[in-house]
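Next up: the structures, one after another.
In the two complexes below, subunit A is the common chain; its partner is subunit B in one and subunit C in the other.
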Partner chain A sequence: MSQIYWSMRLSKVLLLIVALAGAAASAAHAGSGPDVAHFTLSNGLEVVVVPDHRAPVVTHMVWYKVGAADETPGKSGLAHFLEHLMFKGTEKNPGQTFSRQVAEGGGQENAFTASDYTGFFQRVPREHLKEVMAFEADRMTGLVLTDEVVRPELNVVLEEQNMRIANNPGARLGEQMDAALYLNHPYGRPVIGWRHEIEKLDRDDALAFYRRFYTPNNAIVVVTGDITADEVKADAEATYGKVAERAPSNPRQRPTEPVQQAPRTVTLADARVEEPSISRDYLVPSETTAKSGESEALDVLAHVLGSGEDCRLYRILVVDKGIALSAGAYYTGTALDYAKFGVYGAPKPGTTLRQVEAGIDAIIDDVVAHGITADELDRAKNRLIADAVYAEDNQATLARWYGAALATGQTVDMVRTWPDRIRAVTADAVQQAARTWLDRRKSVTGYLVKSLQPEESHS
Partner chain B sequence: MSQIYWSMRLSKVLLLIVALAGAAASAAHAGSGPDVAHFTLSNGLEVVVVPDHRAPVVTHMVWYKVGAADETPGKSGLAHFLEHLMFKGTEKNPGQTFSRQVAEGGGQENAFTASDYTGFFQRVPREHLKEVMAFEADRMTGLVLTDEVVRPELNVVLEEQNMRIANNPGARLGEQMDAALYLNHPYGRPVIGWRHEIEKLDRDDALAFYRRFYTPNNAIVVVTGDITADEVKADAEATYGKVAERAPSNPRQRPTEPVQQAPRTVTLADARVEEPSISRDYLVPSETTAKSGESEALDVLAHVLGSGEDCRLYRILVVDKGIALSAGAYYTGTALDYAKFGVYGAPKPGTTLRQVEAGIDAIIDDVVAHGITADELDRAKNRLIADAVYAEDNQATLARWYGAALATGQTVDMVRTWPDRIRAVTADAVQQAARTWLDRRKSVTGYLVKSLQPEESHS
Partner chain C sequence: MNILTHAPFHRVVRRALLAILVPCAAFAVLAQPARATTIERVVSSGGVEAWLVHEPAVPLIAVDFAFIGGAIQDPPGKAGTANLAASLLDDGAGDMDSKAFQDRLERKAIELSFNAERDHVRGSMRTLSENRDEAFDLLRLALTEPRFDTADVELNRAQIISMLHRQTSSPGDIASRRWWETAFEGHPYGRPVNGTFESVPNITIDDLKTYTRRVLARANLKIAVVGDIDAETLKPLLDRVFGALPAKPDLTPVANATPQGLGRRIVVSLDVPQAVVDFGGPGIARKDPDFMAAYIVNHILGGGVFSSRLYQEVREKRGLAYSVSDSLVWLDHAALFFGGTATRADRTGETLEVIEKEIHRLAETGPTAAELAEAKNYLNSSFVLNLDTSSKIASMLVQLQLDDLGVGYFTQRSAMIAAVTLDDAKRVAKRLLDNGLLVTVVGKPEGVASTSTTAN
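And now, the complex of A and B:
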């Protein structure tokens, strides 16, 4: 679970898609600074308010606790398709009324879909918050879909798939790696959907999904900005509060993984690949599923191994040995069921993928055997905490932290205490995390190559 | 799709399981010899009768068009678990009444589960046929399940999983390879189920599955032996004919595969592995989904490449080069949605898996480039047809051919004309099949090794 599709709508038909997977990776890490209010309306809608009075604007987000991992098998892409269709208007606010109002007030809007959630947000002048809430509450249950708007939007989504996946060898490899990493869990399914299944989605599918999952008791509203909790509460009750529950909340009981016992590889060859690369994803716990301290140790481990130019992978493979053009590691911990820990590298011309992979393995083996230094631990912790503090500066980032965390089973308190928990990570815990979780049997290694040569294809 | 679980019940609790995947591979290939009757009762039950008057016995099978690929995600193993529970008795025939009657009459019984179907059979003296039909019709809808019988049977199934899979490195590799071969289709799910999901199955799951899928309009009865079609028809109407439809037939619309674009590998290491081996499965059409002539060409191709000691793989790798202990190929074409074409080899001590794999690849490349000889074509066709003719000698095999074919979307006519269609295969068609379908991008290669060494693990 790390694919997030942000849809930025610039005009009626043009979609500009920005992948923010990286930003989302650390998306649940707000500091303990601001006063956060968290309450639930009588219809089950959760509301989080993070006041921030530096500018007279607010960011408003509604997060539905439903994503690609909740789709019926055979209907992949439905969560994302519905996200697009949510901009098609309601009986009360037909067509582009909502979007036009946001734009006329000088605001911005956006939407995104991931495996665990689907979200919509607006950044508007503070006096427009209640209006935006009324619009969003209206389209929670009032969406009107006709074949005339559904069919063209399906072509928009297919074009998005074309642009983002079909014409992007790295993204195609990522799809195939996810399918190989998850033997049973629906995180193996692409968020945008398998193309042949997207092609068959229709109005009935979208409406059934909408009616099942878009209900106040399955939603979280996050508001950050120049507003108080009391004001938000009053506005929320006057708008969202009027929406009746229309379905049970999403139980989110997905099939789980069997014991993973065999390392996998996936090799994607495409003539357009100019820079071969190797990447490996390990199946690891998420912040939600990890034992106490474990996901924080994985955060530190990813930083020590592979973040910035001072990390082990970069320093050893790129700088010291000079065999790689790039190398790094990441941990995307914000997920309901499982998370991925990734390592990657791209060989310099004249170096093979296997040499880079062996280099990565040696570095991992060294951490497993000897742990990390006190200096590495301190630097990683300081940097992670500083990043979180700096990021609080951004209203939308703050809102995203809380929304993503709550939509994946975390609590407000978990978000607030994250820096403290990072501070508590020990070098032993990092070594233990490497030993426990960087287990090849629970991994898939991807090779992105220009052509299937015996060496590169590992035949 | 090639896993078939045959359950041979020797006593109340002891199950002896015999894997007959190999036998099943050619299971839909009856000759055009016997007169076959095929009719449908008014409640939708299909009946196939293959008279065979050499001995005063009959083989009676009922095939339900439901298997592991029809399970709800998260409930894997349910089809097989229900197969076990079908021996727990009905209100009318409690406990082991049915099994005892079969045994007392000198008969045999058995049951099996696969991805596409679940079946039950008895071999009994001809005068017991109607009685057996009455028993089987009774348990089509009359099964009584209490927690007292369900819970111990779950332990039996778990022990079966232990014996067949958990303690068998090759079977574990097979599970992981299937999961990697199928990116989206439920054939990636083990027929016996993922262990952690089997553990959670209960009475309610079993009864819901039973009520949904065990209905006359979702079943096929096959009778072979010393009996006429008219006699079977009269008996079937007097027994099965009284069972009302209780659910719609199984629509069998499973999620389909996306375009497969990246070769995969899976490496399973286990200290018990004494003989390392490499095997590769290609995703190919089944007899049901193939274009005209294509599955027959794959049958011939599998035979030329890898059946017997005269096949290319054995001759070149074992005899001529002396690098392998064994080598072969197979095609398991009897399936509703997809089939597998497999190649495999085990290196001689001192030879690496990679050398054997390279040898296999060179042999495949040669067939793709230069085709097969007229002599190879003739020998393969003669042998395949002779095998089918000889196998008709066995009543149970005959019944299995028709049952497996009809349960996977074939027709009686397809079974009858199979030898003619094999005769029509040309060398060009075989070469074309190799070129089209032995495509690494649609394959998974499995390595069974003693330990994850860099060379063997392809790191």
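And now, the complex of A and C:
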């Protein structure tokens, strides 16, 4: 229940979502899964519907194509702060009317903010869908904010920053690594914001950001569950359809990275670190920016290198050589601009971070030089494609995939064809991806240690 | 990419899985005429029982099960035995070592996991229906022929000790550990499930084998199966997987206990900007006639919805914390209510005052009629949200069996909620919330100090 484990669990969940994102739709493509409907209202609002009639429940989400990477420099944390303030009521539904109605209907609600998007969702018994759509359409433009509600909420967000980051050395290292990885792109800023900038955010900042980005032509509604596309279409037109565009849908042009030329290292020392660890992030293309086949090859590469106990990193470093207690790799491909390919490990007592890092490097060098085996390729593909079926079991997961994909510039079709594209990955493509992208000059390596004294083997 | 959420309800949701209130109500929906799905009680010819929901819409099968007798069955001085044993069950079985076993799972995308809790050892298996037979076979091997090879034992032991090291500087872990060891001093519930630096190194391979032989048996086993499999197909598989287990477990009797240390505050100093607070006291047993009223009262106090009193007073009005909630916890040998928050150091005293004041106010005057109606409405309507995935249904069906609630209970469920009157709620609020609190705080809190142990 500690914050550290919480954030580790969170990142695992995210990885799963990323890994399964395309997979779920694959079944749809193959004709064995749900039918996905996709349409756009006249005010520019996109709608995606994925039916699942097993339980009388729907998941309803609205995704705004705005996130922390769209903030004005100096206002970091604003996207997330506004997300919190969206629960403060509108002219038509003041105070906590919306939340109260959701709860009275037996529903759950929450919201989330990431670098590229901000989302709000309700999970409700199916008969309440239209009602929550009406509420959500209302707060798309009707938000009312007073200092009386804004000020306590700023304190809530500062406590959230304490909980997630300040109290957690690993999360603090993660912030420093992102800042070092991105030389020019705003992905280098924490989604929650830098604390000294969060402290200065106010009502006017939030309202300006809201008016600029919260408009139907910058939003995607995703509904999954016990509902048909026709029903959703009628309800969407009666609710969201009445909301007028109030701002242009801005082209999302962010500063881009220069050619990265030097490996970076970041060391965070904290007396509370009882177990040192090393992690490295490489700057790689996202599913949206990658050349054809490239992000799929990175999916397979991450799986072969670092997923589960049957991957190269765990097998060699933890089991065979016995120098690490944990090791793995991941690729978080769902992003508008850039993605990260990460590797990590924690030394066993008696070994050093350097030994684990050398072990990781040797494994990467081997893949770059010799590629992966046909058996590794098959196993990884089978597993990634099988995950599609597991994904179909959870309507909330399905909603998240489609929302995240569309909010980061992908299409419904890209999601649907993901398993076919995984099927088409060759061992050569995986080796080529490793050779091209696992380049130290485009990476940051982070060390989490107890003190900055020269490291000896930890015991 | 990081994702931040508005409200930390994940914490509550996780705890709610313990709560049988929701799944109970669930049955009514499962049994709705419009839905074909129903719960079948399947008994194999060998006498193995499972609760089944046959749902062929998605080609996968979820199997969840639990053996009664978790960490509380750890031998004296060997805390962490159940945890270490459970972590090793998927590390090789029969003639397959860990690598071979993991390879088989991976090739067929079969997910198999085990974990130990205070009262139970739980297992979970997920497979595509096309790999059904192999999946059940691997599960059988894991349960009946685990290897406990030295290399795997030592690796898992090292990983657990590493986690214990991390927990020594994690405020949340320290707060929770201090709370449990104080509330249940001298009782098995006071021992950490993961064990300690003293106990984990002492666990031998013999201890692990003895533990699984004692606890993994049929008479103390509860099974749920959900997905693309029908009763007739399931029956022989139940015999094949679980039939080879001993009929009866060999469990050490465990005494019932109530939380101690009420009225105490324990402050542990740690250099972190935010103080973590755990609080709790005696709860109400699952079989107590007042349980439902207590569940409703707890929901009103801090049950993980925005409308709860703690959420409104601590977070919404004062901005003191991102997260504050509490829940009823019922164990096989104790009942408690337990909550927590995390707040800035310089306002920790104030936060704790607000929490204690709200608990006291609810104990003294009970909920309002409107709060009671809202809570009942929510608890009645929200159950379907816990039924939309095979995994959720499977986990609930196991919990229902562990709580010894027969199928007949489902139909009475909403009537039991409806039957709770305002007078009941007031009386039970007093009974539940007027016992004093044991509080643990970790950080550099201002306005809070440890009480002397004599306050006990």
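Note that in this section the second predicted complex is superposed on the first by the 422 of 459 C-alpha atoms of A that agree within 3 Å, B and C clash if a C-alpha of one lies under 4 Å from a C-alpha of the other, contacts with A are read in each partner's own complex, and residues count from 1 in each chain.
Keep this in mind: contacts are C-beta pairs under 8 Å (C-beta built on N, C-alpha and C of every residue); 3 or more make two chains touch, one makes a residue touch a chain.
All of these numbers come straight from a predicted model, not from anything done at the bench.
Asker: With both complexes superposed on chain A, which partner does A:Gln432 reach: first (subunit B), second (subunit C), both or neither?
Answerer: Neither partner.
Asker: Among the partners subunit B and subunit C, which is in contact with a greater number of residues of subunit A?
Answerer: Counted on subunit A, the partner with more touching residues turns out to be C.
Asker: Thinking of the overlay built on chain A, is A:Thr289 touched by subunit B (first), by subunit C (second), by both, or by neither?
Answerer: Once the two structures are laid over each other on A, A:Thr289 reaches no partner at all.
Asker: Answer with first, second, both or neither: which of subunit B and subunit C does A:Ser249 touch in the superposed model?
Answerer: Neither subunit B nor subunit C is touched by A:Ser249.
Asker: One more residue to check, A:Pro73. First (subunit B), second (subunit C), both or neither?
Answerer: Only subunit B is touched by A:Pro73; subunit C is not.
Asker: Between subunit B (first) and subunit C (second), which does A:Glu274 come into contact with in this model arrangement: first, second, both, or neither?
Answerer: The answer is second: A:Glu274 touches subunit C but not subunit B.
Asker: Would you sort A:Ala179 into first (subunit B), second (subunit C), both or neither based on which partner it touches?
Answerer: first
Asker: Could you list, by residue number, the parts of subunit B that touch subunit A in their complex?
Answerer: So the residues of subunit B touching subunit A come out as 73-74, 76, 172-173, 175-176, 179-180, 183-184, 186, 188-189, 194-197, 253-256, 258-269, 354, 357-358, 361, 440-441, 445, 452, 454, 457-459.
Asker: Please output the residues of subunit C touching subunit A within their complex, sorted ascending.
Answerer: That would be residues 1-7, 9-11, 29, 32, 34-35, 37, 55, 57-60, 62, 98-99, 102-103, 105-109, 111, 126, 128, 151, 155, 158-159, 162, 165-173, 176, 270-274, 276, 305-307, 315-323, 340, 342-344, 374, 377-385, 387-391 of subunit C.
Asker: Can you list the subunit A residues touching subunit C in their complex?
Answerer: Residues in contact with subunit C: 1-6, 10, 14, 32, 52-57, 80, 83-84, 87, 96, 99-100, 103-108, 110-116, 123-125, 151-160, 162-164, 166-167, 174, 187, 190-192, 225, 271-275, 308-310, 315, 318-319, 322, 325-326, 332, 334-335, 340, 346, 348-349, 379, 382-383, 386-387, 389-390, 392-396.
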